[in-house]
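Note that chain A is present in both complexes that follow, paired respectively with chain B and with chain C.
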Partner chain A sequence: MISLAGRDILHSWGKFVLTGMGLGLLIGVTLTMAGVYRGMVDDAKVLLTNSGADLWVVQKDTQGPYAESSSIKDDVYRQILGLVGVVRAANVTYLTMQVRHGDKDERTMVVGFEPGQPGEPGYLVAGRRLVRSHYEAIADVKTGFRLGERIRIRRHDYEVVGLTSRMVSSGGDPMVFIPLKDAQEAQFLKDNDAIIGDRARTAANPALNRPGVPGLLDAINASQSSNRNVNAVLVMVAVGTAPDAVAREIRRWKHLEAYTRAQMEDILIAKLIATAARQIGMFLAILVIVSAAIVAFIIYTMTLGKIREIAVLKLIGTHNRTISAMILQQAVGLGLIGFAVGKIAATLWAPAFPKFVLLEPADAISGFVIVMVVCALASTLAIHAALKVDPAEAIGG
Partner chain B sequence: MMEPAMESALDKGIHIEGLSKRYGAGDTAVDALKDVNMSVAPGEVIGLVGPSGSGKTTLLKCLGAVIEPTRGRMTLGGEVIYEQGWKIPDLRALRRDRIGFVFQAPYLIPFLDVTDNVALLPMLAGRSNSESRARALELLQTLDVAHRARAQTSELSGGEQQRVSIARALANRPPVILADEPTAPLDSERALAVMRILNQMARQYQTAIIVVTHDEKIIPTFKRIYHIRDGRTVEEAGEGREIS
Partner chain C sequence: MKLSLNRNIGFILAGIALIAGLVWVVIRSGPLSPIRATVTTASRADVAPGLFGIGVVEARRSYLVGPTAAGRVRQVNVDVGDTVRTGQLLAEMEPVDLDQRLASSVAAVERAKSAVDTAQAQLTDSQSRHKLAIANARRYDDLGRKGFVSSTVTEGKAQEKKSAEAQVAAASATVSGARQDLRRLNSEREVVGAQRASIRLLAPGDGIVTSRDAEPGSTVVAGQGVVKLISPDSLWVKTRLDQNRSAGLQVGLPAEIALRSKPGKPIPGRVVRVELVSDSVTEERIAQVAFDERPLGISVGELAEVTLRGAVVKDALTVPNAALRTRRGKTGIWLYNADSLTFVEVRSGAVGADGRVQILEGLREGDAVIVHSERDVDERSRVKVVPALVASGS
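Here is the complex of A and B:
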């Protein structure tokens, strides 16, 4: 028996392929939306992995440093280094800010870290690591910065000496790594006018500027213009030591919050990007419904265009199941073309997205199954219409 | 009155007695067919003539097992197919294997080529693709359209399309072919060509052919004509003019 669906597709392949391509672009958008979510999750995991930490120590009662602000003193790490099982502990700062690049600003997350300690980028794709104490930077390639270029953070210029990749914040902003001291200054220090103003106000305050205590005003001014805060301490524990146990000790004795890798992953994925995930989930649901409606409409319209032929087929003895199979195969064929176009389109345009889009094979397989099921379900309307066709319509006017 | 030999032959063609069809019920009931009698022998081509609304199409639909008569008796090839209800359980198979249809417009399947349009019926009947195509080619040869065997139906002229539709009607060697205004869209020359083919096929394949028409050009070609008016048929002898 010949394939009626196949012959019909071959007969009007242009219309069929164009329709499939239209559907495919929609499927491509759907796959990309799933890829955006996967990319966000993967970015979060890579961020944690590349930091090289087993524990994140932050301000008590906060979920910092990525989900909310956290501020702790920069000498806390020494106390943590003294705990059993801790091999390394280092200060880090995180601040989302605009970095001046040429004549335009780039939105980035500026990370302050201590070279050779947890918190520095895991690998470089070009250039070198920081060797000077000030005014050198390593940037994620997504910033668009190039080696040797100069960027401006607050009031200082930095030279880009290294490039890394896949280092973005949970918001998708590419990271720029600079020495910790510079980052502390950039994050917490005020501009010159503000410092002068503060000094004048302090000097005018009789409680702080006492004639009988000559060193007091200078000490207060010095404390106002220096910064001893960081956002978190990244901790590496010894092999064989349970991070949970160390985290418990920190919480109990140091009045700080400590998160393990699993807990930090939960904060980043389940809490920080949960709303975005729900948003994407809604988009996916709507796109699936729209795709189903489009397939149903197309197949239904194509079937209505063949009512006379279907009446003739039924009159000359074609089984209903043969006619149903023809419509179903066409819907599935449309889905196959659509999926192929969608997968290719998503693969081609994914790298052009500003945020990382991760197209997982498992998502593609799920997407394929969903497309096939949606197409099969969408064809039922057309099948119902075809089965209602009276063979008598082929006879008479 | 017919001779006994003719009556015997009619038994093997299509034979209907007292066939009636009523649409609706009660005060709104319409009797589309009233005690219609008709016999067509194998190899015979008869005309069914009548004005619009006379019941021609209803009779054709009853004969084609598309709608069920209200009462009467119908035999096909000597087998009773209707008497107080259909006697054949699978009407789809009956239409596929034992009744051929030729329509006013050819109604060929546009996405099948000429050969497959004809071969589709034997395939639906369960014959192999190769056997079905061989039979289709044989019929196309007979009908002088074999040179267009691989063509798409849209590439054929009107006359060629009608010949292909006749080949399709003959594909399963049915004992009866119902032709619904097969010459309506054709000019005189082509209309007579179609009638010549139908007569030739009827003789060659011993098929009873009923041609519903009000085409004055072809009415003189019938040897027997059934006039239908207000649901009743009257038989009369036709001119039986030879088609050159």
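Here is the complex of A and C:
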């Protein structure tokens, strides 16, 4: 038995393939949109994974350090290290800032971490880890910095000694890792004019600048220009210890807030990126509907374009089933080409996106199923039109 | 038919291209794709640990010269940048009433001297009266014994002698009282004199004036400075080193001091003191690093980056520190062995300034280890070894 569909496709395969590719690009866009959504969620998760923590200890009654600002004293980690079940605890600071790179600014998240402790980037793609306790930095490759370049953060220059990848904030900003003490300073330090202004204001206050108490003014100025705060303490618990139990202990006795990985994920995904994710999700839903409609219309018009040939087929006594199969096979073939082109296109252009686009195999599979179902449904419309045609049309007109 | 064959070929080619593209996509991305990584072998090398700290240029000997009591500044003889010698008059406070008090003390001393003279004269007078009374008493005693005068007269003379004796004692007490008074007043005069001298602010040592904190006419309290001096030979860098990276810190370590004003030109120096007390709040140790030669154009309070060269560990088994990974709370290294990966826990030692870290335990020489990877690897990861993951930097 000869394949009617195959013969018809071969008759004008160029047109067929081009139509399939056009469809494919549309499917590619839809897959990419799903990838953008997945990428957002993954950015949030990767932020948590990279910190390597089981618990995040933050200021009481805040949902820091990512979703809200949190500020705790930098000696809190000592108390936490003393708790049963805690293996490591380290201070960490997060500061989103513009970092100058050549002529332009890069939006980055500057992370202050302690080498060898949670919060340190887990792997590097180039260079080395920090060996000096000041003025060295590890940058994410997305920042565009290269090894040996110098980053200016506030008033100090940092040498990029290592590069890492996929280290992003929940907003997708690439990270720059610097030693904790430098980061504390960067977070707090004002520009020189502001410092001088502050000193003058303090000196003008008669209660603080008392002639009978030499040294008081200096002491006040010194205490005003130091920062002993961090944003969070990252805690690693011992294997076999439930993070929840340690978190309860911290909340109850240390008067701080502690979040486990699951709670942190909930804060980030359900709260921090919820609106943006819903926005993308809405767009994705519309895109899926529009794509389905376009696929249906393409198959429908393709069939209408062959209506005379179908009439001839009916005239020579071809079974309805054969005609339906032809249209269905063509639709499915179109879907296959479209899906393949779409998958390839999405994979090719995904790395070019400024933010991370995660193309998950599961998404691809469900996309494939949806494409096939939509093609099959769309072909029913065309089959209906084809079966309705009067064989007389083949002769008339 | 030929046309149809051509068409068939074209269609088949398009189909093959599509399938090939799809296969490529599946292999290159997603969970099946290999992780690109760089691999190196553990090798023996010298590890030169570098201790890094930041510090501030300070003077070991600095002098805050000011009055010992509250007062008003009368004159300041030196200005910032002046070189001064030990004992040089730097500034003077207003004496207010000190001169008058000194004059009054001097006058009081003079008066006390006169009082001593007076008492002395009174003593001489009473002594001569006493002598006379003794002679009279002796004479009347003789006469009385011979019966020329009555015993009443004799007794009267004896009493006169006793009274003259008491007067001598009283006069001599007055003299010693007057002398003590003189000594007291002399001391008081010296006190005022010392006070007068102390308002002259003299340089306690050779040095350079670094600040002039009060001008003539302004009032300063005790302990407040008028002039600050430093001894320029005693400049050093008070260096703060992170406690957890200060192993091996000791006196005598050679140092490179990069001043913020001249970051490209490190100045050689040496650790001269490691403070016994470290900063418990900032968790830093404090070491004093002196310059080998006194640098020119250096300013006190300038920020300096200090790199100390620790003792070199000879011929140690090393890997780049980027190879160290943390996995389930343990520090270790991924061994790469022809497509299989194993995580071994290691104990690391000295870290060189170049980023190579000494491995004390857990690794053998020649083991291939994963250094860089584009993702976190685990036992099941497929790894594709590449020379470098990113184009090398400038």
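To be clear about the criterion, the second predicted complex is superposed on the first by the 387 of 397 C-alpha atoms of A that agree within 3 Å, B and C clash if a C-alpha of one lies under 4 Å from a C-alpha of the other, contacts with A are read in each partner's own complex, and residues count from 1 in each chain.
Note that in this section a contact is a pair of C-beta atoms (placed from the backbone, for glycine too) under 8 Å apart; a residue touches a chain by one contact, two chains touch by 3 or more.
Just so you know, these numbers come straight off a predicted model, no measurement behind them.
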First, second, both or neither for A:Val312, with chain B first and chain C second: first
Broader residue contact with chain A after superposition on the shared chain, chain B or chain C: C
Contacts of A:Glu185 with chain B and chain C, given as first, second, both or neither: neither
Partner chain in contact with A:Leu10 - chain B first, chain C second, else both or neither: both
Which superposed partner A:Ala392 touches (first chain B, second chain C, both, neither): first
Chain B versus chain C as contact partner of A:Glu257, first or second or both or neither: neither
Partner chain(s) touched by A:Asp43 [first = chain B, second = chain C, both, neither]: neither
Which of chain B and chain C A:Val131 touches, first, second, both or neither: second
Footprint overlap on chain A, comparing chain B with chain C: 10
Chain A-facing residues of chain B, complex: 57, 60-61, 64, 66-67, 92-93, 95-97, 101, 103-104, 107, 109-112, 116, 119-121, 123-125, 129, 152, 168, 178, 180
In the complex with chain C, residue positions of chain A that touch it: 9-10, 13-14, 17, 52, 75, 87-88, 114, 116, 120, 122-129, 131-135, 141, 146-149, 160-163, 165-166, 181, 211-212, 214, 228, 236, 238-239, 337, 340-341, 343-344, 347, 350, 359-361
Chain A-facing residues of chain C, complex: 4, 7-8, 10-11, 14, 18-19, 21-22, 24-25, 28-31, 50, 52-54, 219, 221, 223-225, 241-242, 244-245, 281-282, 305, 307, 320-322, 324-326, 328-329, 331, 351-355, 371-377, 388-394
Parts of chain A lying in touch with chain B, wherever the complex brings them together: 1-2, 4, 7-8, 10-12, 308-309, 312-319, 322, 390-392, 394-397
